[in-house]
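Naming follows writing order (A, B, C and D), and every chain is counted from residue 1.
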């Protein structure tokens, strides 16, 4: 796990890449990294993720509370911390907001099935494309503790939890052991969702 | 409110970003900032907004007239000034010209309904995604004073005026307290309109 | 009209922009500028237009013949020179190759109607969006002199010739008084063609 | 044929371009160059192709085995080496992973027909657009030697082998005499596949 300076640099670079890919429009999205001391570096509430500087990154505890008085974490910090509490192996969390995620999550039910994609190998435990996963879709909720409870109830019922889920009309959460792995998983899921959108439009 | 030099730099940077996003093709679009002395810095008529320099920005009064002899404001300067006259809190105005705006505004009637998008929170007074707004669409008109009168009549009939509207087949106007807020609102609306275009194409 | 060095720099910069916009894939497209001495600077046959250097630009006469022994102009040089011979006001010609141009030109007949677009104002003599133009589409032909004769026959029958036409399954030609004007007209047409493609996909 | 240093630079630059074009999401894709000594420089297993450095490139023999102990080639190295063994004129191989390739290859049968595209001239032996080719599509298979045997059986039955093929749901392989030619052929095929996807969506 990195120190704050290294984590901040990784968060800034990730924000620029997500912006170039069109996945953090306006003030959407947030990005975090678990630090060596067990706390979390995360993007501040508001602000554009494509133009972050060190001041745009704050530290919070695993309960989501800011470590420095006056810092204001975004409400969604609770979802990041929920992931870090539940999965000790999670080192970085990305929350993006793309057109395919928004459109598909609004159209579908409680999950989206991804099947026979080579990029499924980006998920842990799937060594072959001849697999299928059901990526969960949760209803959006401005009450983050209530939403996090719904997410945890779903995790509790699953044998192998996928490192990602969608919020309806809102965005996607993906995590990995570190920032490069989280970024690669996000790119893999976004690619498959773009394909799913295209497939549904073909006659 | 900024001085001219700061406003010019913000306008040039905004033009480059809008160009990268494909929202100011050819000579389309214009960009303005309200200055500390109450006048307005705005892009000159013609010219590509992705390649602005300081000479591409001129000063006009709130009535739209140029402050330096020989400067030629674009006809649409009247719409920018109409916004600044009506909304004292407006500090920056963006006029873009994207494919979703053009296609949807030509297809729809007097407004477009945006509902249940997380990015609705980019609008003032909407603290939750569980809201809906009707973004006005006006018929395009080369007679700008007549068009501005139609816009003002619509504003007069509304309790809470949204900081944006569409011109049919032409483009979008969005404003905010300063350039970052105007840019974020434009990105939020453009994102939702791209989603609306996708949704209509799904079977 | 510029000298060779200035024209070459404009051609290289235009190639990089067209590449970024995805309009010169593989070896597609070519770019030319009329020089002060009445000859033409044009991209050499083959080679990627996004990675041009000065060696990628050669000089030809208005008949399309190379001015330096050993230089090999592309076959399509004949279409550029046909434009310069017919229109003394033409100072730069762009030939691009986009997805909307390719798909629409293969689907449609002898022209495409563009109507009620604000960007129609990019064409000469159209001061308002409340206009309509018919942009010609010609069948592709590897026999360039024969193709040029077909183009000229069409021009001969028109009162006001539009500064552009499409080749079916192949690409688009657009010209202007200088490179900035040619680029702006190309962006305007490409934008309207993207809209036309979107409109046809809406239910 | 280049030495290792030159080949490595070409591979890194190609990876950055493919990333910008969206054709190597996550850890997808791989890139190789035949070296002067007859061995092959190829991207290491895993890792993002948009962020390669010299350490991301390893050397293998024509049988796919690593030349330095501990280097781990990706499984797909076998497909690259199969191309170099069969085609002495092949100097560079690109494996990309785009949305059109993925969507079309999952929808179609054993090949995709490309007809009347100007960019068909990017293929060897096709001097005109008035041609048609059938680009092979093979079922994806994690058993690479078995997959390579299927590919070779298809090649054996063809008079003129096209320098490319698709793997269903997985990606595309394209080769050329050197990296610029391989890149131009990949851009040509990807362009035609984007057009094919658009055409199928039109009513």
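The rule we apply is simple: contacts are C-beta pairs under 8 Å (C-beta built on N, C-alpha and C of every residue); 3 or more make two chains touch, one makes a residue touch a chain.
Here the structure is a predicted model, which means the values were calculated and not measured.
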item: Both-way neighbours, i.e. chains that touch chain D and touch chain A; value: none
item: Numbering shared by both copies at the chain C-chain B contact, with half separating same from different; value: different
item: Rotation angle superposing chain A onto its copy chain B by C-alpha atoms, nearest 5 degrees; value: 90
item: Far-end chain from chain B, centres as C-alpha averages; value: D
item: Separation of mean Cα positions, chain D and chain C [Å, integer]; value: 32
item: For chain B paired with chain D, centre-to-centre distance based on mean C-alpha positions, whole Å; value: 45
item: Multi-chain contact residues (two or more partners), chain C; value: 201
item: Arrangement of touching chains [line / ring / star / complete / other]; value: ring
item: Interchain contacts, given as pairs of chains that touch; value: A-B, A-D, B-C, C-D
item: Complex contact set, residues of chain D against chain A; value: 25-28, 48, 97, 99-100, 102-103, 106-107, 140, 142, 167, 169-171, 197, 200-201
item: Chain D-touching residues of chain A, taken from the complex the two chains share; value: 116-119, 122, 127-130, 180, 183-185, 187-188, 190-191, 194-195, 198-199, 201-203
